[in-house]
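Read the structure below first, then the notes.
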């Protein structure tokens, strides 16, 4: 058996010593970190690429349209042949309307689902419901778009007769439905990562499940929950197909949700799939709008970052 | 001098229990609402599209007549595009995750990379479309090819994969690494033989979910200007192609109402695709979830 | 609940005047009466025909080798076992005369009388103050002043007041393991329970902290009935009045602690205590 | 079923005289185009039957709209660009700058159709002046009664193709005389969205390509312009004026020279565009115009 | 590496013939010589001027209250401390005469000679076989037959061969905690280290498993030099030849184990051992 001491009386250490200092091993150790760093740097290049892509054309745009008119104007009529105006506030307003409605729909429902799944549902229920919700998150937005236009809007029109066929409400609700799983799933993750021992501690004091959920688990998972909401918001801000299909194309700076709107993303799609001549002001305007959108989501992401850093839970 | 008065506690107990019950019902309603949305969505799509869904639909090219229209080019195109996205995004994503979790020291550059990744995750897909058009289609002259679209989509889902891989790598207990180092293993050996094998289920799950997002994305393809009228399959990486969401979007815009049903049939295919991918992800997750 | 007994006890006011407690009863009351109690995890029969009476103001230690059902039993006493969905039980455990496994027995009510301290310290990720005030708050005490008093009293009762009084608003996770465990004990005291269950409360602690918790248990026993699971036989011998020896889900022997450790009746008990297995 | 046999017949009869040529040369290569969504159905039909003739030639076309198509044409990414309006001066300038020579070919006619909701019984017939009155931006919110006092005093809802689309440009030119379209108009690149919009609102009015109307006659009413109803006859004969417009394809000259497959495809296009246009809801040009196109093409070989 | 000493040892052949080892040296060689060694975690001075000689084939126990630097010291011996980026050191630790903190000392090489067993059993989530073969494989041994031999020999050496020989291909996580710990010891033996470092190897184990591991340590000491950190003074007394008592990052006393436990020189040692603190 092993009594032969590994053939020829060699000990394991001898065998190890023999194969020590293979060249390949050393080179791998040295080069891998460099290769990995290069891979990591690609994400930085991507951002640089995005910023440069947007900035050059945006710069061109501001040669033609004054930056103050753009930032503070409330009229967005770029196609008006005689007197085009580029007041981005109208588009921002459309974007915000949809986002706010989506958040109003998604946060309570998403959180309810998260709490139910993490605190009440049986393990089996959780394990089957969560993936189904993830399917909901994976439904392509174009599918949601038609759902909004051909299903949700007609139903809403029954309830609200003054509702236009294109409006902020329907896409807002559907974007909300789309981000429910995101909030539910990420918040559920945050809540289930609160250790069970902490739950047991509360239950052992005679707390009901609801009290455990609201007073112990929720606060403990707060930063995860808030970041999930912020991420969902930035998803709603950047949502494109739903609003292009169901939101309409009439940007206006008002607070009505029953009338037609246009969001920043919908405008970009409109022009991308439209007839704007290459090199026209309209062509450059999509980059300016894209840049504005980029800034918006950047702010949201920095916010999420700040929140999860500032309120990081420790247990 | 007891502070907790038993009779008060008992009196409140009823309200507390009722509160618990009614909130539970409310939470359940929320969950069911979300599920109901999915059901309605699916039922509508299936009832609209099932009539056009048959083997011919899968094996024919698009056509001017709804009866003969098929999804072959888009389906194969999407699959080919996946074949580019999967390796590109996973190699880049996992490498980045390994770098950040195992090698990156705490310094400004690495903080910036981390920050940058979480920001990228929130950049709208349409902006990635603008990037792809400017960089891959135009600057690198790849044209509206598989490669250009594949790269664009890879970058789009890269942050998601990085984050998933980072989490999976982080979940490998420190003790495992210590055990490996303790045997005299080098860092790279520890990574390839201990960390990655343990992290692979998590990485795969995250990646598959990210990939399934990539097949459904429409906006970047619209911006890049992927063709929809074509009757051939891609024969090289630089070949033009079309993809499922693009084909669906095109059909849905057609004047004939029948094309709306054809679009629904296309959506069914797309959703099947997604469900299969999600199931694989769930299978992997459940199979390997309890390990340590 | 506690109407059927003359519970004339004076609470510990601060850690100084320990030992002054007076009990008016001579024959000790039964707090938990366990009658032919069985418990299964799915198919696994984890507790078999348990009969065990836990008396008021005793420290009852439960010892036995790993997997014998100690934790399961102690968690049955406040129905915490039910958190495992596959658990089935039969037989009864009477708390103060009422079977806690009765369909209409409110588990929340039971747990306000039966506190629990766990193996690993598990404070809430909140401030020290909020940790202690959690229990009273869910029971409807909102008055800030009353809460302040409860917090101080409980922290004193857990012999940790002096260490934390200047940082009540800091997160409990900033404390050392031993301090956290005492915070958990204080949290449990804050709802003024009748019984305190402790599942290996010192196994995650260093010797100094262990000593402090052991001392604390001695102080508390004047006012509370304590059931403590321990791996450590010396600990059982040091602090408990009664000891139950569990083996394979059965109670092999249950008697006064001195008796168990000096002249056990059962051979298996002797073997275990003398370290022949375990 | 039925349509299928039609198509096949059409192909045979049309290419019959040229068969000798085609049988000799089985071409390979690729052709790519982009452009107008209005023209897209014609292109799709052409590509579909062209495959039977030259299965090895890989023709692809995007649908980015006339302007989007020109953008790619200027960038040199495409061989041909479909358009539902003539090329603009800016675009010409950009092409010149990029050194791209091109040739314009006519493909078919589209009858631009003004539509109203079927519940609208008052505005079924409008004059060009009335149309102008309705659609021009004048700073007021418009009611039907502003146009004709006997009509309801309800606000008009406007649905128009994206103001940057070829369809819009044409409407703007012939009806509005270059004036601005009402600002409250709902603009969409997706004509189905417009159909949905007008079909969903009693006070709505909109316009788009004839093909979209043809597919939705149950949901919409077509307005008679100056007393003429849009149909293939009135459009082909030029009676439905001024709203019938030509559809174009722009071809890159250098590609016609260098790429035999592209030349062949263009030749095929001009020979079959008339039939295909009819099939997908447009109106063929008089045969002489296709002949002319083929001649021009020959000169570019 | 090991050239400068006469390392005439015969390997354990199987767990049966333990005790037959022969050492040719009379005066024991120094394996680890620690000279004025200091270590900081950032600003925190965790090890202060340590001087300690660890001899060949001894079991050296390290005891001391929590946080005194036991783990830090033992992890310094195979430079595992360096996994914490903020660590700074000065002074030297000589392994077989060479300072391991020398810039050109290959840490991987050091660790092939100095094996380590951790507090919590940490097998890899692989088969038992792959766990044991891990070390030899990373060092380039690929021959299946040699690997088989190494695996059997190591498992026998760790006294667990009989328990697992029929399920070498099963995942190591299917084993009990005690078995896992012995698998970890076997994994360590598979590279035939010169020294084995153990950081509280039994603290997560039940008494029976603890006993087995302790017996194993006794068996192994004929062939390996062992450094073991323990919380449990009885354990130190039972199994070690020498004991070092650490306090606040300093070595208070280092001597033969009997000496330390019977007549400690230092008052603090006595206080600690008699349970007065810590």
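Per-chain residue numbering starts at 1, and chain names A, B, C, D and E are given in the order in which the chains are listed.
The definition used in the following text is that a contact is a pair of C-beta atoms (placed from the backbone, for glycine too) under 8 Å apart; a residue touches a chain by one contact, two chains touch by 3 or more.
As the structure is a prediction and not an experimental result, all values here were calculated from the model.
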I need the common contact partners of chain A and chain E, sorted by label. B, C
Angular offset of chain C relative to chain E [C-alpha, multiple of 5 degrees]: 180
Using the touch rule from the top, point out the two chains with the most contacting C-beta pairs. A-B
With centres defined as the mean C-alpha position, give me the chain D-chain E separation in Å. 83
Centroid of chain B to centroid of chain E, CA atoms only: how many Å? 47
The distance between the C-alpha centres of chain B and chain D, rounded to whole Å, is 38
On chain B, where are the residues touching two or more other chains? 16-17, 186, 189, 225, 252
Where does chain D touch two or more other chains at once, residue-wise? 37, 63-64, 68, 75, 190
Would you give the residues of chain A that are in contact with at least 2 other chains, written as numbers and ranges? 208, 211, 269, 272-273
Chain pairs that touch, all of them, please. A-B, A-C, A-D, A-E, B-C, B-D, B-E, C-E
In the complex, chain D residues that touch chain B: 1, 3-4, 30, 32, 34, 37, 40-41, 43-45, 47-48, 51, 58-64, 68, 72, 75, 77, 190-192, 195, 209, 211-212, 214-216, 276, 279-281
Chain E-touching residues of chain C, taken from the complex the two chains share: 65-66, 206-208, 211, 231, 275, 277-278
Interface with chain B, chain A side, in the complex: residues 25, 28-29, 32-33, 35-37, 39-44, 46-47, 49-50, 53-54, 108-113, 115-117, 119-121, 127, 129, 131-136, 138-144, 146-147, 151, 177, 180-181, 184, 208-211, 231, 234-235, 237-241, 265, 268-269, 272-273, 286-287, 290, 293-294, 297-298, 300-302, 304-305
Per the contact definition, I'd like the list of chain A residues that touch chain E in the complex. 1-7, 11-13, 15-16, 18-20, 22
If we count contacts the way the header does, which residues on chain B are in touch with chain C in the complex? 1-4, 6, 8-10, 12-13, 16-17
